[in-house]
Amino acid sequence: MEFHDCTDLIQAILKQSPVQEGIVHIQSTHTTAAVLVNENEPLVLEDMKRILERIAPQSEDYLHNDFTIRTVNMTDREDRNGHSHCKAIFLPVSQMMNVVEGCLDLGRWQRIFLLELDRAKERILSVMVMGS
Amino acid sequence: MEFHDCTDLIQAILKQSPVQEGIVHIQSTHTTAAVLVNENEPLVLEDMKRILERIAPQSEDYLHNDFTIRTVNMTDREDRNGHSHCKAIFLPVSQMMNVVEGCLDLGRWQRIFLLELDRAKERILSVMVMGS
Amino acid sequence: MEFHDCTDLIQAILKQSPVQEGIVHIQSTHTTAAVLVNENEPLVLEDMKRILERIAPQSEDYLHNDFTIRTVNMTDREDRNGHSHCKAIFLPVSQMMNVVEGCLDLGRWQRIFLLELDRAKERILSVMVMGS
């Protein structure tokens, strides 16, 4: 698991938009990567990894990982990532944030993260800005 | 628990809308049914059910199910569904998706599910399309 | 943990808006307070507290609470709230609701809560209404 702080990236996208009041929707296009809002304090991110790992441990058996019985959505390079999917259902696949005066209406400690739940790989966020 | 893949239904609703760029918001109007985005691979859906059941097992005692003490929101046919509510708080009651060129901006493996957390019953989704 | 039912407050904000069809986005500006939609039945709220406490117990050790090693985001009055952050990642930081005929498109049992995950303190919700 890895937290990537995307707040500055989203803010930069907002700066390129004429929208002053509205919303921005940041959507992961993946099933094993989440978009999370919380504090960027390195120790609490480690705490979160520990709790998430406990919910759906990588060391457990998952039917999704049993390639002797699985037939659906099989690719040439299939990861044993049942645990990643099972963590993902508890986390937001996308995050909406209010936009005020052209900026993210974030609280003091709020940061936006892409949370990688699988092995490190390239990820795509779909970002939509709407408003006036 | 039962996963109902609603992706084609949502896409069909989008087709009837003039919106080309914007968002679609799919909202469950229920407290024991969630709207989830993940992969439609039958085995991983079974994995998810197992993990969700562990978080809030149906076999546990819930105050909500104790009709000898409960007085609020009692109906003639009250289900013992405390476990369903307790699962629901961990899952999205609604899902926003970006719309690009009149289509859902989904990643390769992303599908939209209504996730039934209670006994099978008729459910209503409220769908709002916005954009230009 | 404390549930604050904000449904009437949000409905009152909607009444002041000219929007008849659209969306309302209710965003917590905090990292230890969530926005949740579920049933306002006092016993099920107690059930939810029990399940949430089990996911990330206050009695556990969190690195975030270890002020002998932590250096980031330290304030004069720092709470030992690692458990609150770890609960928060499983809960929505914001909630979108559809607006129909100027009202929240809520199901029969749906209510909107601010869920306090830390000690009681003043909290700010950012509310955006969009539509026609």
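Should a chain be cited, it is by its letter among A, B and C, assigned in written order, with residues numbered from 1 in that chain.
Everything below uses one rule, namely that a contact is a pair of C-beta atoms (placed from the backbone, for glycine too) under 8 Å apart; a residue touches a chain by one contact, two chains touch by 3 or more.
It should be emphasised that the depicted structure is a prediction, and the values quoted were computed from it without experimental measurement.
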item: Rotation in the CA alignment of chain B with chain C, degrees, nearest 5; value: 120
item: Copies chain B and chain A - interface residue numbers shared by over half, same or different; value: different
item: Whole-Å gap between the CA centroids of chain A and chain B; value: 19
item: Multi-chain contact sites of chain B, meaning residues that touch two or more partners; value: 55, 90, 92, 96, 130
item: Of all residues in chain C, those that touch chain A in their complex; value: 25, 27-31, 55-56, 62-64, 66, 69-70, 72-73, 82, 85-86, 88-90, 92-94, 96, 124, 126-128, 130
item: Residues of chain C touching chain B in the complex; value: 21-23, 36-44, 46-48, 51-52, 55, 90-92, 95-100, 105-110, 130-131
